[in-house]
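Consider the two complexes below, in which chain A is the common component and chain B and chain C are the respective partners.
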Partner chain A sequence: MIISKKDIPGFLDKLISEYQVFAPVQEGSFTLFKPISSGTDVDLTAANTKLPAKEIFFPQSEKLFSYNVTEEGAKVEETLDEQKKVIFGVRPCDARSLVLLDNVFDNDKFQDPYYLTKRANTIMIGIGCNTPLSTCFCTSVNGSPFDTKGLDLLLVDTGDAYVVEVISDKGKALAEQASLAAAADADKIAAAKVKEAATVTCQVNIDGLKDKLDVNFYWPIWDKIHEKCLGCGACTYLCPTCHCFDIVDDAKDCNGCRVRNWDSCAFPIFTLHGSGHNPRTSNKERYRQRIMHKFKYFVDNFNEIACVGCGRCINNCPVNLDIRVVLEDVRGSEARLDS
Partner chain B sequence: MKNPYLPLPMKLVKNFTETEDKLIHTFTLQFLSEEDEKSFPYMPGQFAELCVFGKGEAPFGMASSPTEPGFLKFSIAKVGVVSTALHLMEEGNMVGVRGPLGNYYPVDELKGKNVVIIGGGFAFTTLRSLATYMLQPEHRGDYGDITVIYGARNPGLLLYKEELAAWDQNPNINLVTTIDSAVDGWNGRVGFIPSVTEEVAPSSENTYAIVCGPPVMIKFTIPVLEKLGFPANRIIMSLENRMKCGIGMCGRCNVGGKYVCKDGPVFTRAQLNELPGEY
Partner chain C sequence: MSKLAEQIKGAAKKLLAEQKVNLVVGFTEGSLPLRGTPFFARTPEEADQLTWNLDCENNLANYLRKKPGKVAVVAKGCDVRSIVALIKENQLNRDNLYIIGVPCSGMIDRKKVTDLLGSQEVLAIEENGDTVVIKGSNSSVTAKIADLLHNSCGDCSYGNPVVYDELIGELLPKKEAADFNEIKEFEAKTTAERRAFMNSEFSKCIRCYACRNACPMCYCEECFVDCNQPEWIGKSAYNVEDNILFQVVRVFHLAGRCVDCGACERACPMGINLRLLTRKPVKDVKELFNAEAGVNLEDKPALATFTNDDSEAFLLKE
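Our next item is the complex of A and B:
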């Protein structure tokens, strides 16, 4: 199927009447996913949004329930967002990150109704990356610029139009409802050419990385590798696969609500016990945790690397700590510094 | 989909000052209905997120045993925002409880075995739950000899003093209590847990050791147990790490790839030997 670029606003306007539609929107110097009220709000020119689409499903701050406490008991009212949503213009790396996060929020024992309800009620329309950035390394971590994982429809930019690939039944139903025209053979060929031409120039060699992480927890590499890190947590807040959170109460007298907020393994208080003991005493342990979690623990638990190669942590680190370099150093690490 | 974040309202019926230093209180919470109680089927070693509405929630192991119906008991030190608020609560107030969470002591695997329970300080809470469970007449026959080695800095810091006195007279359990240094009027042992364990622990043959206590006690007790011939898969420990969600999602209590909240808190020494020491 195909949709002309000039028809996009109209297509979105129709969706807006039925769904809450999120799309990349220009906000100051950033592009961010926002709910849009008009099809003309969308801006697909940026390589990617400042924050990943993760925040639509797992907001930075989210109310879990409200309560009212009396002498007889406590009335607890959960606040689930059941609104039907469409995410338009999500990049393949960010769409794939949600497939990874599904493992966490739907684990072997518990289901997170807040995240999963939003996931179930959302249609994902992705847009492939014709010109990946120099900091993109999706192909090194099992992704690609036109990866379809986590998507219902994928748009391929062929110049004046988007060739629409149907990925799922949900996507098919939406495309049919929008009466998208069939793509001509020439359009299909143009799309195939665009996909072939899109190259991710940056390659990170992760061969043998997991084998090293399986054994190098106590090796001296970790004494060095974190030294530049300020522990600011920016990488964790911008990462599409980071999922750590805190739970706090916001209340006045007997009425209030419980809220969860993003948290970060980069912060000392994150693991601080009530006794004062802290299992991760310094930045060394905290930085090691970040790398271990993404490239070893997540692999052990879910058979997937918890990194989609979006490059946000590289672009936004205040001290230019580059995860690609870190991974290379870890891969080359030795049990002893002098060996 | 069951929402694992929603607390069950419970009534605080007793706020009891457990230790002489007044820093540990034992809270008895009553279920508001039979239905509520049925929704909370737990086993010794499990924990719950206990909340003071308006202050927040924190994880605590259940000190009561499932063989004691109608209520839950928690023994809690006053250290942070939630525990301080709890200490100040009046009987009759409402609190919230979310759980039961985590795994539990392997009460089935322990059947037909001797059990030595080793506890230090106020980490005795879930061990009390386990001992109470095993001592229950319908369960007692399932287990061999039960030995409890329990130490505190001084007699005033021992939890559950009345119960300890009763166990002392009970032929179904061999209780050894110890304090760090001698005081007048103390008839029990004097000495640290590791040395007392070395002296009084039963033979490691067909025996499981369940250990819970402060890190320094664990550090010196494990080598003693190993010396006594306990294999790593028969040394069982309960870990504690800072937690929030209790359901393996919020990401802070992991030890290696395992979450203390979801995959623990009960681990064997053999399992922990495979993990980094981040606890």
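Our next item is the complex of A and C:
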């Protein structure tokens, strides 16, 4: 199927009447996913949004339920966002990050209703990356610029139009409902050419990385790697796969709500126990946690690397602590593989 | 610049070889165009990786607290002011510190460079006298360095380190102190306008605390935002009031201590105009007490001293 670029606002306006539509919107010098009220609000010129699409399903602060205690007892009201949504213009790396997060929020032990309700009610319309940035390394971590994982429809930019690839039944139904025209053979060829031309130049070698992390929890290299880290949460908060959270009660007297907030392993109060003890006493342990969680623990638990190679942490770290360099240092250093 | 880098390497190697210090904190080439990155050299060989460029924007004073033994630091004007302020607050011991001072006429703001290229990615940058050639994915742009500097660098009149053990390069001609025009403009706005600005700016805040952590003067063992009992501030980020409260308290805590290095604003991933807030107390402290933080080792910090002549204008309202 195909849709002309000039028809995109009209296409979105129709969707807005039925769905809550999120799309990249210009916000100062960058774009963010925001609910749009008009199809003309969309800005697809940026390589990617400043914050990942993760926040739509797993918001930075999410009210889980509110409560109120009176003489008659306690009343609890759950807040479940059941609104039908469309995410338009999501990049393949961000879409794939949700497939990774599904492991966390939907597994044998836990099914998280807040996340899963939103996932179930959302249609994901992705846009492939014709010109990946020099900091994109999706192909090194099992992704690609036109990866379809986590998507219902994928748009391929062929200049004046988007060739629309149907990925799922949900996507098919939406495309049919929008009466999208069939793509001519010439358009399909153009799309195939665009996909072939898109090259990810940055490669991060992760061969043997997990083997080293498996045995090198105590390792002198951790003393050095974290040294310039400021301990802020920029990398974790901008990461599409970071998912640590903290639960707090925002309450006044007998009225309150339980809120789930993003947490960050970079913070000194991360894993701080009620006793005052913290198993991660310094930046060193906390930065090690970041690397271990993404490239070892997540692999152990779900057989996937918790990184999609979007490059946000690389571009936004205030001190240029580059995860590509860190991984190379870890991989290349003398490891005690025999221990 | 490369000449300065060679001199810095030489000085660092000598200090490490003669075991006058056990660590030199400086910059090395980063992984992105126009990106120097903090570097820690512990051997003369490691010191070979030190560099100096228009992208050495981080305030290295941040890394000096809690470092054991004798430490040398490659410090530009604002780094040295922070060091001086930290010495006065007993956070650094001058005797354990060797300052390799580097006069600085400003560092390049990557955001301004990115804006010049529009939606293109900046792939490389070449220095050419007082201009730079910025290479994007489709085209190149030549721009004056002076037009690309961080706003904090444009406003800075302390490019020359105020204290040093060794100076690299030549001292720069004295620069006039900047006016506070943008602060005056903001002060002239109505309360509602100022409030609207704050709401709009801080709706962007994601509470990553990069501003706080990048600030050399933000060194509280436990920041008030991290405290649970009592909970001074909501932990959730959906409330712009709490985002504002965090920053306002931080700014007040920096009154008379902020050296206006701009590290907070540079660190902010969301592009919040933080210096508009941090410079207000800088202006007030200068006007009220004729004091500036970290400009010499002798003056007491503005808020740690008292004279009968102190202005009381802020206490009394006519």
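The rule we apply is simple: the second predicted complex is superposed on the first by the 333 of 339 C-alpha atoms of A that agree within 3 Å, B and C clash if a C-alpha of one lies under 4 Å from a C-alpha of the other, contacts with A are read in each partner's own complex, and residues count from 1 in each chain.
Just so we're on the same page, contacts are C-beta pairs under 8 Å (C-beta built on N, C-alpha and C of every residue); 3 or more make two chains touch, one makes a residue touch a chain.
Keep in mind the model is a prediction, meaning the values are calculated, not measured.
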item: Touching partner for A:V76 - first (chain B), second (chain C), both, neither; value: first
item: First (chain B), second (chain C), both or neither touched by A:Q26; value: neither
item: Touched partner set for A:N283, first chain B, second chain C, both or neither; value: neither
item: Partner chain in contact with A:D246 - chain B first, chain C second, else both or neither; value: both
item: Partner chain(s) touched by A:P318 [first = chain B, second = chain C, both, neither]; value: second
item: Partner chain in contact with A:K296 - chain B first, chain C second, else both or neither; value: first
item: Footprint overlap on chain A, comparing chain B with chain C; value: 246, 248
item: Sites on chain B touched by chain A in the complex; value: 1-7, 9, 32, 51, 53-58, 77, 79-80, 83, 92, 94, 96, 215, 240-242, 244-245, 247-257, 262, 276, 278-279
item: Touching residues on chain A, where the partner in the complex is chain C; value: 27-30, 45-47, 50-51, 59-61, 131, 133-135, 224, 227-228, 230-234, 236-238, 246, 248, 250, 259, 261-262, 264, 267-269, 314-316, 318-322, 324-325
item: Chain B-touching residues of chain A, taken from the complex the two chains share; value: 64-65, 67, 69-71, 73-74, 76, 78, 104-105, 107-114, 116-117, 217-218, 243-249, 251-254, 256, 258, 260, 263, 265, 270-275, 277, 279-280, 285, 289, 292-293, 296-298, 300-301
item: In the complex, chain C residues that touch chain A; value: 30-32, 35-40, 58, 62-63, 111, 114-115, 119, 121, 123, 137, 204, 206-210, 212-214, 222, 226, 228, 234-239, 263, 266-267, 269-271
